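This structure is in C-alpha cells; I'll ask about it shortly.
All chains are identified by letter, namely A, B and C, in their written order; residue positions are counted from 1 within each chain.
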Amino acid sequence: MNKFLVEIDNLHKYFGKNEVLKGINMSIRRQDVVCLLGPSGAGKSTLLRCINRLEEPTSGSVYIDGEEITGHGADLNYMRSEIGMVFQNFNLFPHLNALENCTLALIKVRKMRKQEAQQRARDMLRQVGLENKADSKPKELSGGQQQRVAIARALSMNPKLMLFDEPTSALDPELIGEVLDTMIDLAEKGMTMIVVTHEMGFARKAATRVSILDHGLILEDNTPDKVFDAPEHPRTKEFLSKIL
Amino acid sequence: MESIIYNFFNIEVMIRARYLLWLGLQVTLKLAFVSLLFAVLVGLFLAVIRSLHIRLLNILIIIYVDLFRALPTIVLFMLVYFTWPYFGISLPRYWSAVVALTINGGAYFEEIFRAGIESIDKGQTEAARASGLSFTQTMFFVILPQAIQVVLPPATSNALELIKTTVLASVIALPELMKQAQQAHGSLANPTPLVMAALIFLALLWPLVRLTGYLERKFAK
Amino acid sequence: MNFRDLFYYFFNFKFFIITLPDLLRGLLVTVEIAALSLSLGFVLGLVLAVIRVTLRHSGSSRFLRILDLPLVLYVDVLRAVPPLVTLVVIYYALPFIDITIPRFWAAVLTFVVILSAFAEEIFRATIEAIDRGQVEAARSLGLSYLQSMACVIIPQAFKIALPPLTSRMIAVTKDVSLASVIGVADLLKKARAAQSLYANPTPLFSAALLFTLLFLPLVRLSMYVEKKLAE
C-alpha cells in the first residue's frame, strides 16, 4: 500500500494555446477529504478530471495508489473502476432505473452475477437513503434524489477514491442539503474524497484539507481553519472576501 | 482497374452519348419542376381544406392521403398509364407521369402542410391581433414565418424525393434521363451512360441532400 | 363507358380469382426481398454509424478522421442517387467488370446499401446528440468504449432514431417493387405479366389492392409507435 493514495506530479494542461493547469503538485492521503476551491476558470474541474483521465494531461503524471494512471501501459478501465465520480449534471442513465444504474458497471466490468450486483446496489442505495426508489427511473426523481443515486452508483463499485465535480451546483437550494449530508456521512465513514465545490459550509465542516486554485496554480493548501482564518496568499484573501 | 475505366468512365462513349443524355436531362428537369409545382399546390389546397374541419371532407382527404402514401409509386405510375386507354383517352406519357407524381407528392405534401398549420398555436393569432396587428400583418409577420420554419425541412426533403421519383417515368418509356441512359447503354454496349446518369443525378441532388440536412439541423426544436 | 364495363375491365372478379395465386407468389417474393433488405440494411447502417462516430471523434488522430471520407461518399451517393438508377447500375453495369449477381440478390444488395446509408445518417445524428456526460459517466465507472456504446449510448439513441427510421424503412419497402424493372418475379412483375396475358388491367388493380393491404397497416403501425415513443 502506497503512502499516498493520489499523487499529482507537475501536472500541466493546455487547451489549445491556453494553459489551464500550470504545474500542479499534490499528494493526498487515505481518508483525506480535499476541497478544491477557487474562482471560475481556475482549473478546478480540469484538475479533478485529469485524475481519472477524463481530461488528458498535456504533461505531468498522476499516480493512484502507486500506479501511474497517466502511463502508457495503464489499464485505464480497471483503474477508473476503482475511482468513483459524481458529476454536476448527475449523468444518470435515463433508460435505466436507479437499481440498474448501479448494477450496470458491476455486471459488465466486475462481471458480477446479477443477484449479487443487485444486493450490493441496494446496500448502496440504502446508504444514501433511497432504497425505496430502486425501481424509479431518473426522470421520476428530484434533483437531489438523482444526485444521491449517482453517488450510490459510484459507491457500488467500492472505489478507493471518490471525485465530486461541483455536485450541488445544478441543484435547487432546498435540495442541496440532502446531498451534502450524504457526502458528510461518506467522509465520516472514511472515504477518500476530492471535491470541487462552492459550498464553503461543507468545506469547513467536512474537509480535512482545502486547496485554493487560481489561474491554474495552487495558492493555498492547508487545513480549513488555516485557509479560511489565516490565509497566506493575497489573492486567497481577495477570493475569500468575495464569497464569505 | 482499366476495366473499370473502360466500362464505367469511357470518354469516347461519354462523348457519343452526351446529346441523348442532355435531352433526357431536360425532360427530367421539366417533369420534376411541373410535378413539384402541382404536388405542392395540391398538398397546400388539401391541407387548407382539412383545416376547416368539415367531417366529410376530412374523411375523404384522409383516405386519399393514406391510400397514396401506402401505394408504391411505381404501381401508381402503371395504374395511371395503363388505365387511360380503356377510357378511350390516350394520355401522353409525360402527362401520365405528371399526374402520378402529383397524386403521390400531393399526399405527402398535404401531411407536411397540415403539420405546419397545426403547429401554429391559436394563441399566436390572438396575441398578434390583440396587440393591434391586422389580419395580413399577422399572417406575414407572425404566422407564416413560424409555419415556414416547421414546413421547410420536411418540404425540401420531400421535394428531393419527388425529383428522385421522376426516374420511375422510365418504366412507362418516357425519355427522361435514365431511359435515355439505358438507351445509350443498349446501343453502345457500354454501361458508361448509366454511370454518367448516376453522376448527373448526384450533381443535381447532392446539394439538396446537404441542404435538407442543414435545414433539419437549423430548425430542430 | 358505363358502370358494368368499368367493372368488367378494372375489377373483374373472374380475373381476380384466376390471377390471385400467381400474384400471391409474387407478393411472397416482394416480402422476402423486403425482409432481407430491412434487416441487413438496418444492421449495416448501425454498424457504419458507430464506425463513423468513432472515427469522427477520435480527437487526436487526423488519419482516422480522414478515413471518414469514403464513408461520407458512400452515404451521400446512396442517398442522392434515385434507387432505380442504383439498381440498374448494380444489375446491368457490374457484369461488364465481371461481377454478375442474380436479379434477386442484386435487388437485395441495392436496397440493403440504400437503407444502410439512410440508417447510418439517422443513427449517427442521434448518437451524436446524446449528452457527452453520458459517455463520461459510463467511462468513469470503468466501462470500456464498446460497453459504453452498447449499454448506454445506443439504447438511448435508438428511441430517438426509431420514428424517422421506420418511415424510411417503409419507403424502402415500397421501392422493392422497382425490382420488377430488372425482371424479378415480384408482385408487380406478376401483375404486369398477367395484365398482358389477359389484356385486362384487373391484375394491376389487384396488385394495387394487395400493396395497399400490406402497407396501410404498416404506415398506421409506425405512426402509432411514433406516438408511443414520444411519451
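Here, contacts are C-beta pairs under 8 Å (C-beta built on N, C-alpha and C of every residue); 3 or more make two chains touch, one makes a residue touch a chain.
None of the values given here were measured: they were computed from a predicted structure.
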When the mean CA coordinate of each chain is compared with the mean CA coordinate of the whole protein, which chain is closest?
C
Leading chain pair when contacts are tallied as C-beta pairs:
B-C
Suppose chain centres are the mean of their C-alpha atoms. Which chain sits farthest from chain C?
A
Compute the distance, rounded to whole Å, between the mean C-alpha positions of chain A and chain B.
56
Distance from the CA centroid of chain B to that of chain C, rounded to the nearest Å?
19
Quick one: report the Å distance separating chain A from chain C, using the average Cα coordinate of each chain.
47
Can you list the chain A residues in contact with two or more other chains?
none
Flag every residue of chain C that touches chain A in the complex, lowest number first.
131, 133-134, 136-144, 147, 151-152, 155-156, 159
Show me the residue ranges of chain A that touch chain C in the complex, using the header's touch definition.
52, 54, 77-78, 80-85, 87, 89, 91-95, 104-105, 108-109, 150, 153-154, 157
Would you tell me which residues of chain C are touching chain B in their complex?
1, 9-10, 76-77, 79-86, 88-89, 92-93, 96-98, 121, 171, 174-178, 180-181, 188, 192, 195, 201, 204-205, 207-208, 211-212, 215-216, 218-220
What does chain B use to touch chain C in their complex?
3-4, 7-8, 66-67, 69-76, 78-79, 82-83, 86-88, 161, 164-168, 170-171, 178, 182, 185, 190-191, 194-195, 197-198, 201-202, 205-206, 208-210, 213
